[in-house]
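Presented sequentially are two complexes of chain A, the first with chain B as partner and the second with chain C.
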Partner chain A sequence: MSLKIERDQRRFKQIVRGKVRENLKKYVSHGEMIGRKNKDLVSIPLPQLDVPRFRFGDNGNGGVGQGDGEEGTPVGKGGQQRPGGVGEAGSDPGDGHLMEVDMTLEELADILGDELELPNIEPKGNASITQEKAKYNSIRSTGPESLRHKKRTYLKALKRHISTGSYEPSEPTVTPIRGDQQYRSWNTIDKPEVNAAVIYMMDVSGSMTDEQKQVVRTAAFWIDTWLARQYGGIETRYIIHDAVAKEVDEHTFYHTRESGGTRISSAYKVCAALLENELPPSEWNLYCFQFSDGDNWGEDNERAFGTLKEKILPHVNLYCYGQVESPYGSGEYIGHLQGRFGDKYDTLITAEMEDRDAIYDAIKVFLGTGK
Partner chain B sequence: MSLSSQLEKQLRTANAGPANLAAQEGDAKVVCELTAVDSLGVSVQRLELHSKKLEGLPTEKLREVADALAKKVSYLLEAIAPIEIDDEACTIQMRSMPPHRAENATSYYEVLVTAGTISLKRYNKARGATRHAEPFDLTRQVLVRLVDDFAAAASSV
Partner chain C sequence: MSTPNSNLTPELAEIQVEMEQHALNYGLDFFPTIFELIDAEQLNAIAARGGFPVRYPHWRFGMEYEQLSKSYNYGLSKIYELVINNDPCYAYLMRSNGLVDQKLVMAHVYGHCDFFKNNYWFSKTNRKMMDEMANHGTRIRRHMDEVGVDEVEEFIDACQSLDDLIDIHSPFIKRRADRDPYGFEGGAKEEPEQQERRFPAKGYMDSFINPKRQPNEEPEGEEPAPARRVPEHPEQDVMLFLLEHAPLQKWQADVLAILRDEAYYFAPQGQTKIMNEGWASYWHSTIMTREGLTAGDVVNYCDHHSGTLASSPTRLNPYKVGIELFRDIEDRWNRGAFGKDYDECDDYQTRRKWDKQLGLGREKIFEVRKVHNDLTFIDEFLTLDFVREHKLFQFGYNENTEYYEIESRAFPKVKQQLLNSLTNMGRPRIVVEDGNYRNRGELFLRHHYTGVELDMKYANDTLVNLERLWSRPVHIETVLEDRQAVLSFDGSEHDIDWGDDADEIAELEVPH
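Moving on to the complex of A and B:
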């Protein structure tokens, strides 16, 4: 029978999950938790959970009078506001304060999957990558003390005592000597793994504002969370571009602003080179997410479509294009993209993201294919 | 006669309907496509200044032209500023900063400074539709001043 505290803890977790689920759309839209993320956990600001408690009534209207007064003076009603207006602000926290609860990224991904009804991903092909893993499945006579196998050490010492005739059943003292010591040891085994890589491409040209980049950042957080849950770890690469593209680290990806023109083909070129040289499609489940305001310089579209068709679309599990609306209205790239490829490729998914509220639906569209 | 004086003269004789005006002075030529002309102002579809002084300039120099324009042209509906610089096409894209946002559409000026031309149009972009150039109204004095400022910016490098 479980202890009461465990039952309470389970109940608390259920309540927290319920609250997160209730407010998921808000969390997805506003990205409040991104700054609170560490390796495995994310702190989620929750509205104060209501704890049931007694509320005292006024116990009827009457009461015993105290203090000065003449005989016959009516007794004042308790709980009435004192004359002189409203009192000063209190120093205690009010109801609007938030509490933070830690939740694992896996739990968060599960909630996201449940709420958006996301299908589990079916990795393409077989697991063709092998990774070396240490498995503690053998015993050695030397090793660090922290790995000493006490039971086996005792058994060996016991055997030695019995075989040498020094064991006394009436006084069963067994003292291991150095030669009795047994230690746990490992073997390196090759474990087949399904590898997944996500390549983010973002337009950082002059027309992309900080607000648009925040939309991208929030969407990327949720995409990462879901894919990492599905694959148990993913490789993430970042490409930024204006008229020229380059691969960068995560921080640079979200904090760079350039003033160059928008040439989406430059990002595709870098992405295609990555697929060719570092992430061969035969060994990886590949996901490309591209975000831009869609204001591509006219003549670049053809070049971009050529690279996309030849070198990206046939090789990836998913190519998702999210068009984030700029102050000048949404660009026209998404229309050209749909016009050119239409339904020819089931790996091509597009979504328009007018503002933060559109992230929720965009994620559903991107990840709803189960690829 | 300066470009603006030639344009003023043509405007005085223009009829009320659409008109295409053009004027040349030295190595600069201005083309103005008007959808309407009346006694107070004009409705402009496109304004272009072609200048030999701009030809072959690198993007850094074109950026100086764009900066000069951004400083001078402060009398339109919205201020204009450089947004994107495309080295490959050798073009500076300037737009209204910020654009005008109506309930379901956004409109803004777009000035392209290329190696040879400065052009001005106004675009309207309704949600879910492609953007299209739309005529914008200027008084005759503002049109003339704009042409002067384009010419001055082109000559500034």
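Moving on to the complex of A and C:
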């Protein structure tokens, strides 16, 4: 049996990376994942290249499904993930026999880590804050009925029956008496508490289109997933800005569009205030991510750098700046930022994200430091 | 039946003999079946190539492999078995599977093999496809050596984009006299005269043995040929039409012919997904529960079996629907619950308790597996009771919410929707209407609109590939937003014609 799948695989990878057959690259789609709805189930992004065929669109399309639900119950989203009638299944040649397994966000984060070779994060400082926690890990012979350990009680009763010779294999009735009862009990342990917070800042000025926001959203999803996995839960804050900045909730963050100019320093001010008032750096591992198309007002740069240097950079684990490419081109902020701070601060990381494919590289740069 | 050699462990070989005997006892009839035990990586590689160990090189197989192996490594999916419609039948088993799994899978495989051999829709498929695929690989590799990898690959991509434009019924209906696919250079006009004088020749020798023009024959002037349409009748086998009429180089024609052959080979599997899986599942469950299971196997068996039959709201599981329908048919024919009397009876209790003790069930399902495909299977045997019992519903796209939503549980709607999605394997029906459109050698296709629009982005990209093969502007007539529209691509620009010049379209609507 000759198996030269490697040749095809290599070829595919070359195409995905745009090394050969550049005209095909536009068809590369990453199986999108943002599907947190169904109990944290997600699909993992694998690059795919679609062969265009005459096929049915969404309009007027439908299918047959099986299960409960009233009329009007949504069963699937339009657009890319098309729910197929069985007709769809016919497109797979051969007789593959596939089973799907659900995946949690934690597992997904691990896969991301493997895939991008991300190092585990070492929390900064010593975990100075400890918290007392009750852990149910021992057994007592007294306790409330609600904590009765049925299995152990049964075992103990069984042992007593056998040792006293009152056990009848033909009629195996086991009756626990008072002395057989076993109850769960707890110990208090000191657990170091590690807090982590992520602050996202995004430019919502007119030059940022929905496409850029989608890039930011995808990147933020992966960052959240990874950091949440590393710290076991994180706090997230969102700041939007054009010429002025404000803190907003997640929905507003992704859906606001302003038309004003861009003043990055305004966002830094809000961020600095947040660090000062709500997330004291002594107690938190702090991560700041800023996304912009890099078109800042020239005279604002100095003020922005001042705030960044004084109030933010010394306090955070990481400060990441991701510059997305807008239809109006990419700004110069990233260049200024690098020129000004260069290698002086190892907490500052910058990356350019031209398109969706660059997201994964950017994440690798951001989180590859293990901080 | 002899057990052909394979690399099964002695233990598995024993199980195979046992399973094969059970299958034979139940009356299954199959080609010799060769089981190969391979590890996950190899299985994924073979599955990526549509079940064949050797095929032509192409990045798509690499992509499939990438996905299969990744999702296997992440524990997301796992292939239990692969069966190839071939004589002998090849079946691949994953080495790491448990013994009960292997047992079940073997029973399942015999179900598939029986189906491949006996279902009429498979009767015209090439049973030596394993070899044929390898030959295709060699031919395409040779072309790549001659004209370059990129060029051939690009051409394959263009062909793949059209490879569902075939006439799935053509293997069974002779729509016209056969033509030698390689002799298309002669053109349609001379063919009637030439045919008698032709010596039999292989395609590649043809132009030497049968010169295009007889020596004593003078080229006549433009004879007043009757204005013939090309094609004479709308041609659903677009690939064949291109093969015969597009200005292709030899290697291009060869590549196109290869892809068309493979498309026809795979078509019956697409047409019988529900039946094929249903039949195989029916047999693995029958054989395992009645013969194969030991007490220790039960839990593992149930786990696997229920995993295979799990249903999801948006995707009808062919395994599930198939096995339940076969069981339903068996039960109804055992009870005699069919025919005029039964159909006219509208008392629920009487229908439920209907039992004429005919015991025809087994016989009936064997007949069903012989003559039906999914479309006729559903049409004939999907009943109101079945739809209710299995909670089937019909869903549709809601433009306002951009979601697919449950629309109805009414039996006629569910059935109609299911039939629609099975018609022409769920693909739009597209025919070549005119190969000399506007008398300018342009290609005119027509989409038979059935209420669902084409995906515009895909349609436009497909036109680009079509134009690559045809080398002249291409058009497709369809319906968009309830209006007739012609999408065109002339090699550089896309265009939509909303039918302003109504004459031209009226002229094309000659009834056939």
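In this section, the second predicted complex is superposed on the first by the 211 of 371 C-alpha atoms of A that agree within 3 Å, B and C clash if a C-alpha of one lies under 4 Å from a C-alpha of the other, contacts with A are read in each partner's own complex, and residues count from 1 in each chain.
Basically, a residue touches a chain if its C-beta (ideal position, glycine included) is under 8 Å from a C-beta of that chain, and two chains touch if they have at least 3 such contacts.
Predicted model, so just to flag it, every value in this text is computed and none were measured.
Visitor: Touching A:8, do we find chain B (first), chain C (second), both, or neither?
Guide: second
Visitor: Which of the two partners, first being chain B and second being chain C, lies in contact with A:205: first, second, both, or neither?
Guide: first
Visitor: Once chain A of both complexes is superposed, is A:111 in touch with chain B (first), chain C (second), both, or neither?
Guide: second
Visitor: Chain A residues in contact: does chain B have more, or chain C?
Guide: C
Visitor: Is A:52 contacted by the first partner chain B, the second partner chain C, both or neither?
Guide: The answer is second: A:52 touches chain C but not chain B.
Visitor: Thinking of the overlay built on chain A, is A:297 touched by chain B (first), by chain C (second), by both, or by neither?
Guide: first
Visitor: Which partner does A:363 contact after superposing on A: first (chain B), second (chain C), both, neither?
Guide: In the superposition, A:363 touches no partner, neither chain B nor chain C.
Visitor: Examine A:263 and indicate which partner it touches, taking first as chain B and second as chain C; both and neither are also allowed.
Guide: In the superposition, A:263 contacts chain B only.
Visitor: Mind sorting out which residues of chain A both chain B and chain C touch, each in its own complex?
Guide: none
Visitor: Spell out the part of chain B that touches chain A in their complex, as residue ranges.
Guide: 82-89, 91, 93, 95, 98-99, 101, 105-106, 108, 125-127, 130-131
Visitor: Looking at the complex, which residues from chain C come into contact with chain A?
Guide: Going through chain C, the ones touching chain A are 36, 38, 42, 45-54, 57-63, 65-67, 70-71, 74-84, 108, 112, 150, 153-154, 157, 160-162, 164-165, 266, 269-271, 273-274, 276-277, 307-308, 311-318, 320-321, 374, 390-399, 401-409, 414, 417-418, 420-422, 425-428, 430, 447, 451-459, 461-462, 464-465, 476.
Visitor: Mind listing the chain A positions that touch chain B in their complex?
Guide: 205-207, 242-243, 259-263, 297, 299, 327-330, 332, 335, 354
Visitor: List the residues on chain A that touch chain C in their complex, please.
Guide: So the residues of chain A touching chain C come out as 1-5, 7-13, 15, 20-21, 24, 27, 44, 46-49, 51-79, 83-91, 93-101, 103, 107, 111.
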